[in-house]
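Notes follow once the structure below has been shown.
Going in written order, the chains are labelled A, B, C and D, and every chain counts its residues from 1.
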Amino acid sequence: MQFGSDNHSGAARAVLDAIVAANDGHAGGYGSDPWTAKAVAALRDVFECDLEAYFVGTGTAANSLALACLVQPWEVVLCHAEGHILNDESTAPEFFSGGARLCGISDGDAKLQPAHLQRYFEQAGTMAPHNARARALSLSQIAENGLVYSPAEVTALSELAHRHGASVHMDGARFANAVAALGCTPAEISWKAGVDVLCLGASKNGALAAEAVLFFKPGLGEQFVNRRKRAGHLLSKGRFYGAQFAGWLQDGQWLQLASHANAQGARLAQVLQAAPGVRLAWPVQANEVFALMPEKLMQHLQAAGAVFYPWPKRAAPGALQAHEVLVRLVTSFSTTDTEIAALQAALGDYRP
Amino acid sequence: MQFGSDNHSGAARAVLDAIVAANDGHAGGYGSDPWTAKAVAALRDVFECDLEAYFVGTGTAANSLALACLVQPWEVVLCHAEGHILNDESTAPEFFSGGARLCGISDGDAKLQPAHLQRYFEQAGTMAPHNARARALSLSQIAENGLVYSPAEVTALSELAHRHGASVHMDGARFANAVAALGCTPAEISWKAGVDVLCLGASKNGALAAEAVLFFKPGLGEQFVNRRKRAGHLLSKGRFYGAQFAGWLQDGQWLQLASHANAQGARLAQVLQAAPGVRLAWPVQANEVFALMPEKLMQHLQAAGAVFYPWPKRAAPGALQAHEVLVRLVTSFSTTDTEIAALQAALGDYRP
Amino acid sequence: MQFGSDNHSGAARAVLDAIVAANDGHAGGYGSDPWTAKAVAALRDVFECDLEAYFVGTGTAANSLALACLVQPWEVVLCHAEGHILNDESTAPEFFSGGARLCGISDGDAKLQPAHLQRYFEQAGTMAPHNARARALSLSQIAENGLVYSPAEVTALSELAHRHGASVHMDGARFANAVAALGCTPAEISWKAGVDVLCLGASKNGALAAEAVLFFKPGLGEQFVNRRKRAGHLLSKGRFYGAQFAGWLQDGQWLQLASHANAQGARLAQVLQAAPGVRLAWPVQANEVFALMPEKLMQHLQAAGAVFYPWPKRAAPGALQAHEVLVRLVTSFSTTDTEIAALQAALGDYRP
Amino acid sequence: MQFGSDNHSGAARAVLDAIVAANDGHAGGYGSDPWTAKAVAALRDVFECDLEAYFVGTGTAANSLALACLVQPWEVVLCHAEGHILNDESTAPEFFSGGARLCGISDGDAKLQPAHLQRYFEQAGTMAPHNARARALSLSQIAENGLVYSPAEVTALSELAHRHGASVHMDGARFANAVAALGCTPAEISWKAGVDVLCLGASKNGALAAEAVLFFKPGLGEQFVNRRKRAGHLLSKGRFYGAQFAGWLQDGQWLQLASHANAQGARLAQVLQAAPGVRLAWPVQANEVFALMPEKLMQHLQAAGAVFYPWPKRAAPGALQAHEVLVRLVTSFSTTDTEIAALQAALGDYRP
């Protein structure tokens, strides 16, 4: 009953096989190898455009390096108040950007909406150089509460951002889950919807450690190579990033892995929802399930072997009852029906 | 009718005389001069303790250097959402601290309250190293809306901050006005109320350009000298900072200047309050007057020669009516009765 | 004939097997897994002390994070003028340290010597805060020209550094090769010789991408966890760093791999030295061979399929003749006798 | 007998008068005042071109802000090994630039020469992104040893720098002394000789605290306003920088002050040179005199009341004798004949 995080899984078979296959023989260092070239070609194919792609090993590095290319140190990045970049990556965006600022603007709502951006731009001071100016919008796909932004939603936000001179970054740690959930093309939910740079995460969906930073707008990533190197994120044996992505993308593997995770998320949501005293915090659209439940039930399930964690109460959609907790359960490419059945059984065992 | 800012005034006589007097002859560089020594002694005397004092030329430098001594680059400074350090100093605190984060926690209230801090500490994530931890509280005295924190209020906030491992910084750009308004001793509203480091501003109250950073807690300022130097804020002819502070503090000069500014603030508030269609946004406790008035009245007054500016509507205490603006008028040591009478006359001239 | 770099090899069998073995099932994230624990235990065993160990993916990250723990942003790191941290890691040490300075002090000599340090400390300005003070010494083991520092040499340098208040960092990208060459224990050439923090590289000697930062001095690494996180170097699936190190260290594997590389280095040196017109730049003590040869010979060998590169002429031990180049050839755990025989044949084919 | 530093003098009469004159009445903040406008106009007049001018209070701030506009954090600034920016400004250039690197290339010579630059560019690694690339050259005028660069020398260095893609910065802390010494126009020794940005120091030559950063190349300074603000160097009462520069430049005042300092430097050199056992380290061309003398003589003079200091021996032109020290004596606009006569007398009193 492993629902702690999708990064508690190992690597998917296809990715591991690609690593093993790429291991033989010598190869040029720092990305000058055929696997890296193959991965870039696959990404261009999948996204149907002539993007620039760079690889790093963690989502924090991907997001922070990308954002540092979008804003000067005296500028601001707008994001959701519960955004991962604001809450779970220490002060990495500040570090990589040389001290730019993050500003959460979601005002208690579950997703970022054009109205949030609109109000920010209306209210923010514009006296240069005293007031720091927003020059980037960062969206998480899927969002920090498991919801999925539709192409129309992303487009509306991007247009508003662009109109005010801000670039659009997407933290796609679970982008594959979003694409699988939406049934759209990767292009439709990224550059066609106005995204300028996408951090495409593979680590949470079957890679060992591999994230791609994809610049859709020519010129935007021109500092990336220098920034990556001086941050120690240029891998000497770069073939292993290339191999992971090549293996992950091949034959739609990445979307199959994500679809499985999403399907298990839906099953898990059903099982939880059916249990007395349990409410879903938000509709489950991909592979993250947020639920409100009695603290005692949480403890009962954990005692029964279910691995999952409470989530900050401040993020809950409305006030919790005194005995309640907000919890997060995550499914992955490796989540089995057996695990879900076991959770269902444990739920059934509970006597309040 | 100069109500634009207290930094639109020149220097007070006593300060200018001190500069001229200090100009003769040679003196050691970088603060190794008798005027600097005299200023430090005067500060220890005024604050009744053995503080460490350092001088710089701007409030932004003072605040940012002080905060950089309180937090690591991966930590957080809490402040009012309308705080000057958050809104009007570009990203200086981030720059000096190497990328620490500011977090506004006042939730729409006029002043920071213990409840804001309490909630922050209850809700903030505590998973190291993922969640950035708050390690400093920054208060503005007087506050950004002209209100004054009482010793009891500062004490309550400081105690809460200290209990959670956070140091207390006071942005005292108008500290003199606060002391004059409160009628307490400087010690009572600073270190006796739990303030660890005070940025004592003289520039807005009669100096040419001089701010003192006062560390009350031994050891807290041990990096200051290095940080100031590498930020280019160590003045070679340091005697001129010393002279300004020595002249400003002598014979209670600084409090007389502030008292005059406050008295004129009170008069200005009366005059405005009496005008039809004008409401004070907050009680006027020192030398800043925030008022809600019809936009047409603002334009009328400005056309009549009154210098003052609109203030961001987001800061207003409640919603404005469609025709209203929020404006700020500031008095200083040099504000004359004539100026206030002229404003009164201009108010009287107005026909809506 | 692959002599381009030891990072052109893939991963050694034992390391790859450990990764595959660690892949099964779920594991806690961010290093809270049994493989990481096993690797730390193995390192403590190998180094015979209670060290602190942290893992990252690149040598640049390891070195820069380690150095950032040793110096303040206004301090100096001393190193060899040809040091990798100074020449080949962009400005990563400056980035991670918040702007500290590197200073090359080797004065044309092949290795750092106590006399270099002595002179630096005698001549450097000591006027605080104007003059930046040296607070760390960084040594490369093996050195940037393939030479190996003996325990006595490291001890002499460390003692001098410590006496002047500087910590000692060792860039051990090829530390395994040094231990294999010296025949000493890892402890004897690290903490017993005064090294405070060692960056132990596995990537060049059989790992996929794994470096360990080992703090021998309690307290020195207390900021490491925060610095690593905000630099995006905390791996979510941390088990894969643990597995690599555990596999690499098991049964002395790491030293066997290095011994093979060194033995092939010695053979390669013999073959080159025997060729007419070729001189070794420095004695070959480990797995890097630096040679002076006619540029035409270099081209001949490359045309015959030998992969290796010219090295900056400024690093040569004395002036080159007009037709000469300085070249570097590197052997690794995977260098075969066949490759060396092929190079020997190509050398024999050359007609000047 | 004040020869300690030209910043041990106070402000010149004309500058102080300008400050007092500018003090009356109200003025717009942050440089939006008539004195600032007047100073900028005067600078354009003096330099015969449409330059951009910004004011700050210290040379360290001026140099570091200027350099930060020229290089990215992963690039290099070339300078003389004894340059003030490298030796006496802590790590300020690194701080302001976000971690760019300084590299001293003068190889023991008294002044920077084209050959130094030539060799640097020939020898430096060019493998991006591994090797940091030089993108700025910084010259001190007058040089750190009191020598003056001629227009031809500056032109030769600038051309070489530009050819290699590096901008040219001049640290003009004593630029006035150089112009007075050369008898050329300010334009001839700055932008006409290829200087892209000049930090024009007034503080050492009669100002209280005022430095101007002059960008001659359009666009080069476009980040300056933001960088200055977030470094806390934007003065609220900006009129006082404007007034200082306006007063200093008026009627050629600045060059008269510098000419006096230079003339006294020449007299001082004569007096020293004539004393037994004293040698000038370099020809005295402006207002700094470097001399080699017996340590006992130095102590004798200091005991007699002469204020001056030893200079790092490493900077000496050749080896010192065991009993010798290198000393620096500086004259200023306020150095009197009496002081020089007193030093001559003290020299005459000395019995070895």
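Annotations
What we mean here is this: contacts are C-beta pairs under 8 Å (C-beta built on N, C-alpha and C of every residue); 3 or more make two chains touch, one makes a residue touch a chain.
Since the structure is predicted, the reported quantities are computational estimates derived from the model, not experimental observations.
Among the other chains, the CA centroid farthest from that of subunit C is the one of B. Judged by contacting C-beta pairs, the busier of the interfaces B-D and A-B is B-D. Averaged Cα coordinates give subunit B a centre that lies 52 Å from the centre of subunit C.
Each chain gets a centre from the mean of its Cα atoms; for subunit B and subunit D, those two points are 35 Å apart. If you average the Cα atoms of subunit A and of subunit B, the two centres end up 41 Å apart.
Touching two or more other chains at once are residues 73-74, 89-91, 94-95, 98-99, 129-130, 226, 229-230, 234 of subunit A.
By the touch criterion given at the top, residues 2, 4-5, 7-11, 16, 19-20, 22-29, 56-62, 64-65, 89-92, 94-96, 203-204, 208-209, 226, 229-237, 239-240, 307, 334 of subunit C touch subunit A in their complex. The part of subunit C that touches subunit B in the complex is made up of residues 72-74, 98-99, 128-130, 223, 225-230, 234.
Chain contact summary for the complex, subunit B toward subunit A: residues 73-75, 87-91, 94-95, 97-102, 123, 125, 127, 129-132, 312-314.
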